[in-house]
Amino acid sequence: MVPLSWYLILSAILFTIGAVGVFLKRNVITIFMCIELMLNAVNLTLVAFSSFYKQVYGQLFVFIVMTVAAAEAGVGLALVISVFRNRETLDVDKSNILKL
Amino acid sequence: MLKVIVFAPLLGAAILGLFGNKMSERLIGLIACSSVGVSAIAAFVAFSKLLGVQPDSGGVRRISETLFTWISVGTFRADFGFVLDPLSGVMILFVTGVGFLIHMFATGYMSHDPGFWRFFAYMNLFMFMMLTLVLGDNFLMMFVGWEGVGLCSYLLIGYFFTLPSAGDAAKKAFVVNRIGDFGIALAMMLIFYKFGTISFIDKEGLVGVFTKAATMPVEALTFSSLWAGGLTTIAILLFIGATGKSAQIPLFVWLPDAMAGPTPVSALIHAATMVTAGVYMIVRSNAIYAKAPMALTIVAIVGALTAIFAATIGLSQWDIKKVLAYSTVSQLGYMFLACGAGAFTAGFFHVVTHAFFKALLFLGSGSVIHSMHHEQNMAHMGGLKKYLKITFATMGVGTLAISGFPLLSGFFSKDEILWKVKSSPILPSNLGLILWLIGLVTAAITAIYMTRMMVITFFGEERFRNNHGSHDGHHGDDHHDDHHSHGHGGDPHESPLVMTVPLMVLAVLSVVGGFVGIPEALAEKIVPHSLHDYTHSFYKFLDPILTPIAASPGNVTGALAQDHHAELMSTVYSTIVALLAIAIGFFLFRDKPLMTMPRLLEQKYYIDEIYDAFIVNPLKSISTTVLWKVVDVGIIDGIVNGLAKFVGFTSRLTREFQSGFTRSYAVFIFVGAVTVLGYFVGYLVFNALR
Amino acid sequence: MLTTDILIEWLVKIGVVFFILMTAIAYVVLLERRLLGFIQMRLGPNRVGPFGLLQPLADGLKFLFKEDIVPLEADKALYVLAPMIALVPALMTISVIPFGDKIVILGREIALHITSVNVGLLVVFALTSLGVYGIALAGWSSNSKYSLMGGLRSSAQLISYELALSLSVVGVIIFSGSLDLVEVVKQQNSFWLGFIPKWNIFTQPIGFLIFLIAAIAETNRVPFDLPEAETELVAGFHTEYSSMKFAMFFIAEYANMVTASSMATLLFLGGWYGPFVDKFPLLGPIYFSLKILFFLFLYIWLRGTLPRFRYDQLMRFGWKFLIPVALANVVLVAGLALLIY
Amino acid sequence: MEKVFFIIIASLSVAAALSVVAQRNTLYSAFSLIGLFGCLAVAYITLQAHLIAAIQVIVYAGAIMVLFVFVIMLLNIREEELRVDRNRLLIFSVPLGGLLFGLIYFGLKNFKIDEIKGAPVGTSEAIGQGLFSKYLLPFEVTSILILLAIVGSVVLARREKDGDIEDIEDDEQVVKVSMAEKSKVEETKE
């Protein structure tokens, strides 16, 4: 039997990679994907706990997280398209007019 | 029922305040009078209902209504509720009754005034507040009314806001009243601290203040009990509030100035109702005072001093309304004297009779002023009885009543007070006797200055004819836009019916009002035996609400209390004094109406100047030099400016964070998350190590 | 526990199924060419072997020996990977498809499916939905306009029709109460009035039609073969492919057809059930194959007769007609289920 | 045996995740991510969460990532330009990441629970029961969320032709227009 902590640590590694990816990448789509990665890391934790505690609620939560991720991807990619149309770039550092 | 009494005037005030400027005077007058009229009728109905109520275990008839719980915090609870018991019952009767008559009078008096609707909106609002004060079933409700009447008083004194003097008088009234209100607020807190409630009455889940106070021991008759934080302290704090509202030494200075308001206001607020609120409150709180003999002593002394002090000033005033104002202060002093002597009922009886004859006198003076085209200086009157027959007759009745002419209302109430003071079981040793003497002298002076006023105004030569052209500088504060100019130079004319009818009604009341409370000793002599059950009905009706007062130990006068012979002697003394004083006044001033009075009196003992020198000016200079230049500019502005500078500085720093780079924002979020996580993990580690 | 027996059983099953599948695909191609020939009043390939039966072999040899061209500007890695990504999920789906009940061979009770998953239906959907990547990647990595267009169209089309496909199956799931394909089939075992089989096609014909249409669209077949529309996109996503790589796409497409047909069979036509299956379980796979054959025939028939949709027509049909109808069907079937149970 | 299997899956996932971040080509990142999702699906299966595993593949790999790939292809993003990153904050990001991992690791490494007996919970029945009884409201709310997302993305992604508003539902036209534009972009590149 694989111990719970292994799953948790795998999840931690994935989450960290995702988080660091968000900072390192300049391409908005990649950033998006890193966020998805973090979400998945969390999902893994939830499923792991759910299955070790024999409680179904963690998986329900994963279900809802997935829905949210889907919605987020839909809107986010629509945004990406409209940003790209206006600025002809996906580099987030070039979309920096939102400041004082 | 009680709701109707209270809210009818509020409805009137709301209608007039919101839409009054679009209405005709007739309609405004109708709304204003009818709202008070409805209230008055409701009050009578409620009162008659009260008479049919079965008395509770303490012998008190009571009707209470709770609309909702207004504030409920912890154990503190203040209901929005009303209570009708004999005390508030009598009070609402004359408040609404006299109020209605004065409203009626005012529709004549204030006609053609541009602020007509505003005036009646304020008046109705005042009625609402006054009734809230009277009917409120806890200290907080009473305080709401208390502050409300203060506000309305302020608004109405400053009604002619274009005159600086009116504005100043209004501010003065407001500020002086605040000092007293501070006392009430403190008293309320102390009451809640001491009793855990502020409710007057017992009701479900609440035991009233007075029920609890009645079970407490009597406090010592020493000065130290004043600041011991017990019942005496509460009583004194409440009395400080009363000195403010009811114009007692040292806070009486606002009332004479308040005559800057229109005369009906003076009659309603500054004679009949609001200024008696202090007395009402003390009578209401008699259970507390009964346990605080030291407080009672102080109340009695202050009352007596105020009475004689104001009366002497009244002797020398030339403004007809000022005379009445000082007379009011003096009479209020009488009432407090009675309360201080433990004769709460007698004091309250004087409140009632005083409301009748003082309202009558004020309205009469208003009628005079009206017919003299807003001339208030008596030196420019004289000989008016020929022109103002009704006014003269009614005012004459009022004067006799206040002077203590036998068998008029003032005679009975005043006589009772004097006797109760002399025979007080709680005032220390010979103090009762001294105060009785002071009261007697005051009664004499009262009779003198009232007679003086009548004589100067209504008898003698007609001085208004020759002086009329030059009196502009003495024009009263009650100065309208001169829409009466067409009447200048003509003979004074009697006021219209709408003004004289209230005068006549009040005159009748002033005559018969005393019969409900004829003193026992006197009643035995002058009232047929078959009517004995009715002679003392006022006292029989009110006495149940009083908490029995224990006599002070070693009090010699206490033994007099049951001595009807001594009481009759006292009555004889006061009758003689009154008649003598009326005679002196009449003959003295008929011959020399413009007799110069002692300068000390004319200048009102320089009280205003003393206040200016010792309180107002130091305060001003402190305000200018310390509070303004140092505290405000230096500290407060310094803090504010410093804050602004600090904010600017930190903004410049933090602005760096808003770089517009999405990823740096992400880093900040991340740093936050790491911090939170670090906290939790640190906590875990810490726990593990420990 | 995993024992050697079971392992061997698995390996044997996988080998057999794989062999049958590949053979079937090869001959479906032949069947298609011959049938198209007949539909178009010509003969079709009939020279290699009797009736052209060896034609698939010849085709395979041809693919093997053709020159393998990789365009210069292509993204090499993805270009190579794309056909594999297309093929692998297509073949994998067969692993959860049951083609018969348990039979006894050599004293062993053997279930006629490679593996049983309690969410088999979802696994099939999951795997088929992965197939789109092969096409999209192929289109993109070729670095060619036509290919890219094909890839884009393909992904849009597959996403769109997958919704209708999934929704059409909901009715079946409601009736069977399970996502296990074996359960779904077993639920259709009995009869009404003793002779009408309790197939889902009778209770929900609308669902069946939607499933059929969506499945055809999912497999990029006529009339939904926009991604490889020869006339406008040359050959769509596989314009640049040749030799074995092209063959892989080809095989993947036909494997998908087989999968779709078997799904239709399992879900709506009672799977392997037919007369006397209870007594002779071996009949099951035969009935199953026949039913699949019917659907494959339908595919070819459609290809021979229907013109291709325009792209906007395709999208409009999918979003504005198919999905609403599928939703309505779900409501309808749910109501029906309420009535029956 | 299971542990070995887990280690394989885990290393594959980590490798895929690193690849997501390390790849310069966005499409490669996307495919690494798909691979990661596949690995996670397998991990879910080892956790007896079959339904979630299937949904993981259908929703994430089958739908969301297709959308990503579609957009990447639509916008024809070939390669991320290589440029020296001047954002000072990024210096901190890698140590911060390390710190985060350290924290999570220390928080969780000794996390143990007593094994709870019982049947696996990941069945579709159990999840369906949960979603449609106790958690019905969140479930319905997600459907509203999805609806909002649909409306939002249609509004965001559609293009108004010279001020006149085209039919909202014609989103395939948006796709067509975008494709036309993309080819234009390609032309200008050449």
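We call the chains A, B, C and D, going by the order they appear; numbering starts again at 1 in every chain.
As a working rule, a residue touches a chain if its C-beta (ideal position, glycine included) is under 8 Å from a C-beta of that chain, and two chains touch if they have at least 3 such contacts.
None of these values were measured; they are calculated from a predicted model.
If each chain is reduced to the average of its C-alpha atoms, the one that sits nearest the average of all protein C-alpha atoms is A.
Set side by side, A-B and A-D show the greater C-beta contact count at A-D. The greatest centre-to-centre gap from chain B, using C-alpha centroids, is found for C. Between the CA-based centres of chain A and chain B the separation comes to 73 Å, rounded to the whole angstrom.
Inter-chain spacing, taken between the CA centroids of chain A and chain D, is 6 Å.
A separation of 98 Å divides the Cα centre of chain B from that of chain C. Chain C and chain D have Cα centroids lying 27 Å from one another.
Residue numbers of chain B whose C-beta contacts span two or more other chains: 659, 661, 663, 667, 670.
Shown for chain D are the residues that touch two or more other chains, namely 51, 55, 63, 67, 74, 87, 89-90, 93, 96, 100, 104.
The touch graph of these protein chains has some other shape, matching none of line, ring, star or complete. Pairs of chains that satisfy the touch definition comprise A-B, A-D, B-D, C-D.
Across the interface of their complex, chain A is touched by residues 655, 658-663, 666-667, 670 of chain B.
Across the complex, chain C meets chain D through its residues 75, 78, 117-119, 122-123, 125-127, 129-130, 132-133, 136-137, 139-140, 145, 148-149, 151-152, 155-156, 158-159, 162, 179, 311-312, 315-316, 319-320.
Across the complex, chain D meets chain C through its residues 25, 27-28, 31, 34, 41, 50-51, 53-55, 57-58, 61-63, 66-67, 69-70, 73-74, 76, 123-124, 169, 172-173, 175-176, 179, 183, 186. Residues 19, 22-23, 26, 28, 31, 92-93, 95-100 of chain A are the ones that touch chain B when the two sit in their complex.
For chain D in complex with chain B, the touching residues are 87, 89-90, 92-93, 96, 99-100, 103-104, 106-107.
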